[in-house]
Amino acid sequence: MEQALERLRALPYEDLGFAKVDHHRALRKGFPEVIFCPGKTAVQIVEIARRLASTGANVLATRAAPEVYKAVRRELPGAEYNAVARAIIIRGTEKLEPAGNIGVISAGTADLPVAEEAALTAELMGGRVNRVYDVGVAGIHRLFDSWDRISKARVLVVVAGMEGALASVVGGMAACPIIAVPTSVGYGAHFQGLASLLTMLNSCAAGVAVVNIDNGFGAGYTAALINRIGLEGHSP
Amino acid sequence: MEQALERLRALPYEDLGFAKVDHHRALRKGFPEVIFCPGKTAVQIVEIARRLASTGANVLATRAAPEVYKAVRRELPGAEYNAVARAIIIRGTEKLEPAGNIGVISAGTADLPVAEEAALTAELMGGRVNRVYDVGVAGIHRLFDSWDRISKARVLVVVAGMEGALASVVGGMAACPIIAVPTSVGYGAHFQGLASLLTMLNSCAAGVAVVNIDNGFGAGYTAALINRIGLEGHSP
Amino acid sequence: MEQALERLRALPYEDLGFAKVDHHRALRKGFPEVIFCPGKTAVQIVEIARRLASTGANVLATRAAPEVYKAVRRELPGAEYNAVARAIIIRGTEKLEPAGNIGVISAGTADLPVAEEAALTAELMGGRVNRVYDVGVAGIHRLFDSWDRISKARVLVVVAGMEGALASVVGGMAACPIIAVPTSVGYGAHFQGLASLLTMLNSCAAGVAVVNIDNGFGAGYTAALINRIGLEGHSP
Amino acid sequence: MEQALERLRALPYEDLGFAKVDHHRALRKGFPEVIFCPGKTAVQIVEIARRLASTGANVLATRAAPEVYKAVRRELPGAEYNAVARAIIIRGTEKLEPAGNIGVISAGTADLPVAEEAALTAELMGGRVNRVYDVGVAGIHRLFDSWDRISKARVLVVVAGMEGALASVVGGMAACPIIAVPTSVGYGAHFQGLASLLTMLNSCAAGVAVVNIDNGFGAGYTAALINRIGLEGHSP
Amino acid sequence: MEQALERLRALPYEDLGFAKVDHHRALRKGFPEVIFCPGKTAVQIVEIARRLASTGANVLATRAAPEVYKAVRRELPGAEYNAVARAIIIRGTEKLEPAGNIGVISAGTADLPVAEEAALTAELMGGRVNRVYDVGVAGIHRLFDSWDRISKARVLVVVAGMEGALASVVGGMAACPIIAVPTSVGYGAHFQGLASLLTMLNSCAAGVAVVNIDNGFGAGYTAALINRIGLEGHSP
Amino acid sequence: MEQALERLRALPYEDLGFAKVDHHRALRKGFPEVIFCPGKTAVQIVEIARRLASTGANVLATRAAPEVYKAVRRELPGAEYNAVARAIIIRGTEKLEPAGNIGVISAGTADLPVAEEAALTAELMGGRVNRVYDVGVAGIHRLFDSWDRISKARVLVVVAGMEGALASVVGGMAACPIIAVPTSVGYGAHFQGLASLLTMLNSCAAGVAVVNIDNGFGAGYTAALINRIGLEGHSP
Amino acid sequence: MEQALERLRALPYEDLGFAKVDHHRALRKGFPEVIFCPGKTAVQIVEIARRLASTGANVLATRAAPEVYKAVRRELPGAEYNAVARAIIIRGTEKLEPAGNIGVISAGTADLPVAEEAALTAELMGGRVNRVYDVGVAGIHRLFDSWDRISKARVLVVVAGMEGALASVVGGMAACPIIAVPTSVGYGAHFQGLASLLTMLNSCAAGVAVVNIDNGFGAGYTAALINRIGLEGHSP
Amino acid sequence: MEQALERLRALPYEDLGFAKVDHHRALRKGFPEVIFCPGKTAVQIVEIARRLASTGANVLATRAAPEVYKAVRRELPGAEYNAVARAIIIRGTEKLEPAGNIGVISAGTADLPVAEEAALTAELMGGRVNRVYDVGVAGIHRLFDSWDRISKARVLVVVAGMEGALASVVGGMAACPIIAVPTSVGYGAHFQGLASLLTMLNSCAAGVAVVNIDNGFGAGYTAALINRIGLEGHSP
């Protein structure tokens, strides 16, 4: 066992003391490590971003407060900020042509930050994204009006708070896999997203898989992994 | 205060030792007491039923096991049993003409016992009931096909387990009030009906009020109270 | 299916990018879309309000902070603010004569914001509303003193925090349907309204249906739907 | 510390291997150890009962299945069984004259086993008990009719399932302390007694303290401790 | 029924619009209404306090922020403030001689605000109170050292956060009834007091009844009700 | 709107009274309706199976007890039974060549029924499936030994009970999307699958989406939808 | 990475199809794999036991029903059964002399099965075990009487249901590390062990670590790992 | 019993009114009382620290805000502050040589405060500590690279938020006991640490015991107790 471990040890990562930046991830997963900002200091985030950027890859930092962005931009002037998605992006040297078709559908206006995080992540990973927003089931004809665009997707991300019924309705009609994202939009017996989460986990429509509450990043990432299947130049 | 209480004491009820049968309820609420069977012995149920039946009113006993029905029928030969709804009925001397229009909609085949309990209760309380079953959102065109019948209701009862999305979809389209009944049909993260309950409480469609999990009786009763508004000869 | 969807697409709504304003709702439900403010920016709320107001309908925005009201008033000078209910109202061109009889009963002084949201919503939807406040069961004679007014209602809204027992006590006496609103007033094992919610869902009195914690709007809306049954000029 | 512990060691108890019977408890608490049957084998229960009975004290075994009673009676022929309360009693040599006034009030017929466990325990501990059963808030005049008897109690035990509102209503009227017992009678969002428990813990009426779900024994015991205050010959 | 209600209506209370001050409570329960401040505005609190004070009774307002006290003192200069217990007191014209013996025991320094609220309430209601603080089970000899004082109580209030084991240890030794108060002192899997609450509800020691998390007032009130049993001039 | 609904009504389904069999689903989703057995009577299941089989499609009934299978086989002699997966299969007239590559990985022996349900569903929907069982993290070298086979999958299903850590470990190494299935295998603080569910929803590895507890069917279905992307003759 | 994995693959395990028996575990952890029976068929358990026994190691199967034991004994006649602990043991060829000092303390008679599982596991792993049973805090002098034996332990296992206070009391006095095991013994607001679990996780005494509800095996195993520190011939 | 208690009373502690400082703890447990700051005022913390420091022992105050540190330093100039761990340390007169080997492993950068609290506590109690940070399972080769250092520990502390899988992976490989610390690092269905807590309690790897969420202190303390077993001069 000792010898085997020795080899695994040789995989590339960089030790910053407070963090071990996993440079091997890009090889292993096809995409580099992404920085989840909460609980990290601005100094730590800047340092990790700098190391990742130095490899020429796309860098993505999610749930970044505006102050964090300012700190990053000071060190890395090319950094961009998507205020709705609360995300920092540093574009790498190589650019992937957007391909495939990922639909991102959201139920209400308050779900926008999560939906945008999903869309942005998927785009950064090479997917072509179609946004269809504010089509919740209280006015279901709005969903039907966008059905042409929706029905062409290889994979759909459905973002909804409140009772989260949109995932089931879309799931009952669409032929492609669906990644459902419950949001914490709601109050009272919503319990900070639990209600939407349970709705989506119990969907009577088959083909619906779920990520964590407000996890737009995870949904966009998974959708991008699905979208690149069979796309030339996109597989790892 | 003593004198006031003295008067309230004079209201009619019958003391059986283990139970105090509330004969005043029919006057107060417009419908007599209903027997909820779980936790009561067959002997107790028979005795309460006999006292209620003696007033000539309709008697309803819910969640009654077949054995309980047998015990009741031995004493009260006119008792009927609705096996799907698990309910015992003893029809009273006066018969109310069915009136109004109550729609009872259910999502799946496994929701039938709850839906039937609601329909039966509403009928016994003088409502005319329209049943539309197995129209869950996984095949939403089945719901649309029955829309004509649904849209004419004064009040709708929507019964659904799993993710319970049907209440929101119907709520987004219907103009009348909706009483939603979450059922315990589901598994895993359904938590015995919690998932459907939370869905319905968080409905993004307005005009949806909710009763307890599997409470077909309560939904049918409330719908009947709503249905009789403005109906001649039906108000208390 | 394609053709059917095409027709549904033709229903009127307005796409603002971040929102799709559902102008068809007034036709479908009898009342226009209502703006739930949390999670929306002031800019978005102002824009949606402007579009809804342009149709001449009543506009209601709930859970609106005073800052939001200021932003709305700047654009729409006729906007009013009900500080207790935290609601913005823009009165439409057509005015419905208040009719029917909706009782709004609350248990304690701290429940006032929710009770007022219910009363205001019901009034805006054409109901005549009777307010009976601070009649919780710790001093039950206060409830009895208002019973004359309560007993004449077509439908009752009962608002209560703490243990929420008021809904059951009223439910045991009243002949009309009851919409119960649990509030988050309480502490400790109240779990932000869970205690009142469970109390009301488990009411031993029949005819009680429940809306989400603190959902005064939903209760007022449902009560108004019930209240208008059989009222001339009020049905959709 | 060693010496202090040495003295505590000298307190009387009997080691049966699987159990250490605490004979000192009668001195310390004024009442001997009580046997809670679930999780103990019949053989173990019989043995503990025999040791306790040998001191001449009253013996009480709660939640005892009929089979357990049969096993006990075989060894201890004087043992009695209260089938409703599911309790075994072996009366001791000394008999306390019933004194004071403990009211035991219950909401519904299905709450009887818990109410009887409370009443029986209180009686065995020397209290005079007044039973008032089936006076739930759905027919509140039944409670008022018994108010004379209730209002004379030194302490009240209030037993209720479903939404458990009875504790608050009684608490709003009574001048004495109240021990509230939530029961597991209910279904769905009752969550096996959680709903009644939360109701009682959040009572808006002061002077209400709560014991575990279905814990009739604990309520009866606490009520008896309160009842004996100031009663000659009853204090420890 | 109408006539009976008419009489109950005649009971004294004062309608302030936002509140109905229950002047009858002092007659009914032996103590006047107490003001629970959260959710009420300073203006409302001042007004209610003024009405209660005008009857010459003791006035107690719990969970009062310092700002609220300042507002009250401006109107009612005799008002006192207990900063630890966060309570406002306005002493009435009649003074009850402290009597009986109520022990208030707390586990840790952070539990002091709750323990003081209990002690203060009990004193205001005529009880003589013995405080024993910071005797948690991590250093159990500190409890034993105070046992002489504790063992003489007619009733004990035990206040504890963290795992709340103190209630069981005291309950295993004391001969009098115990009112246990779980506090929200803790973190992580303490879930804001749930851990202490469950501990106390499941106490293996008999004679322990529980009030809501952090409800020092309720415990002091109940203890005072128990303490006054058999005390001359203290019963209602 | 009426005309639009009229068209949707024309979509094919068959009304059996207790069920509306959705024949349109095969067109819409690419796979026919699947029968979830719990809550349905054997008679209902047989009837639905017969109608689905009559179209020549594959029929799948999940969570089927052996008795149900016997009832089905009596009517439909070609029906097969997979006892581990508790599933009934009736093979249709058309046979899809297995294609793509779906890995199904499970953590422990007790997870087999869920893993087999996933594998079976995926196979029936045209996927080629690779099973790798009992490779939980307590002996992680067993997982590494199968890595060659695992790393070639287009999509992975990871099935795990207990703490469900396998999904994260696989997710940290694999380049393809992962559908994680928490199982109810565990006890105590596992809360019937809640522990594994939360683990998987909170995975620190990106690219993991989750289905309901024990929902092998849903995972297999979703994996099959992903697997068929870009496969000729497999898309709908 | 491929080469590293290749080496890990070479670690010894045996593939039975439904299980991969991890023979390397004894080397890695110092003790062989243990069979957790629930969810495995008798056939599977017998087969795994046979493979493990063939290496000459001690075999332990926990939570084994008597039927499972019978099936095992048929194949492996040397198998023993501890009925209280519900465990099957097959003693290996090498015998470790019991050493060190592990105290196993339990609160009540109903906790015996869990306590015995812990004691048995610890003994099988080479520990000398001291059992002290039925010393719950309701009669705390029973604990003090055994303190001499308890205070000499290198590590303590404390097993308790109900409110689980014993762990804190022991933790406040003992100088060695404590492994606390909450049991599911209790009812109502015990929530199948949740109450004891939370108590132990929130212990105010330092040095207490917790295992899953009813997990006597895990506690005994961890205690044995701690006990063998510094013992000659016991470390791996 | 009275005499026994008298002796326990003689154990040394100091009564500050708001706190009873337990000077006997150092004798009993081998380490003095530690100050948990939340819920205590700065004045109280300073006073307790001063009393403890006066005995010449090491003083540790956890979860201390910077303001609290400033207040302490004003009175006790030798006080140090570890800002990452949020801990105040006052080094005593006697210094223990670091001995043994405690590994502290953490999963992510945001888990640092908890990991440092554990490491610091263990060091203060005489342990030699090895830190291995940011080796979460999303990049598992980072863990393997540090395995040499990890595998030499007598006891391991594993700190992880999100899904907390690291504890199981380490537990599957290590031969020593593991104290697992779930952290509140996560969001959504993490429920403030519940997800990591459940993961660790349900670990399929044996030898893992768990402390409260974010309880770095408790883990470090328990690990130090384990580490000192058999170390000369370190046992109490």
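We just call them A, B, C, D, E, F, G and H in the order they show up, numbering each chain from 1.
Going forward, a contact is a pair of C-beta atoms (placed from the backbone, for glycine too) under 8 Å apart; a residue touches a chain by one contact, two chains touch by 3 or more.
These numbers come from a predicted model, not from an experiment.
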Task = Could you tell me the least number of steps, going only between chains that touch, from chain C to chain H?
result = 2
Key: For chain F, the least number of touch steps when starting out from chain B   = 1
Task = Indicate whether more than half of the residue numbers at the chain C-chain E interface occur in both copies; give same if so and different if not.
result = different
Ask   = Counting a repeat as over half of the contact pairs in common, which of E-G, D-E or B-F repeats B-D?
value = B-F
Message = Going by the touch criterion at the top, tell me which pair is linked by more C-beta contacts: E-H or E-G.
response = E-G
Query = Any idea how many Å lie between the Cα centroids of chain G and chain H?
reply = 25
Request  = Compute the distance, rounded to whole Å, between the mean C-alpha positions of chain C and chain D.
outcome  = 45
Query = Using CA atom averages as chain centres, what separation in Å is found between chain D and chain G?
reply = 36
Query = Which chain H residues touch at least two other chains?
reply = 1, 5, 8, 11, 24, 28, 108, 138-141, 173, 188-190, 194, 197, 201-202, 206, 212
Contact set on chain G toward chain D in their complex = 108-112, 133-135, 138-142, 144-145, 147, 161, 185, 187-190
Chain C-touching residues of chain D, taken from the complex the two chains share = 107-108, 136-140, 162-165, 168-169, 171-173, 186, 188-191, 194-196, 198-206
Ask   = Any idea which chain D residues touch chain G in the complex?
value = 5, 8-9, 11, 13, 17-20, 22, 24-25, 33, 38-40, 44, 182, 184, 192-194, 197, 212-215
Query = Quick one: in the complex, what on chain C touches chain B?
reply = 1, 28-31, 34, 141, 154-155, 173-177, 179, 197, 201-202, 206-212, 217-219, 221-222, 225-226, 229-231, 235-236
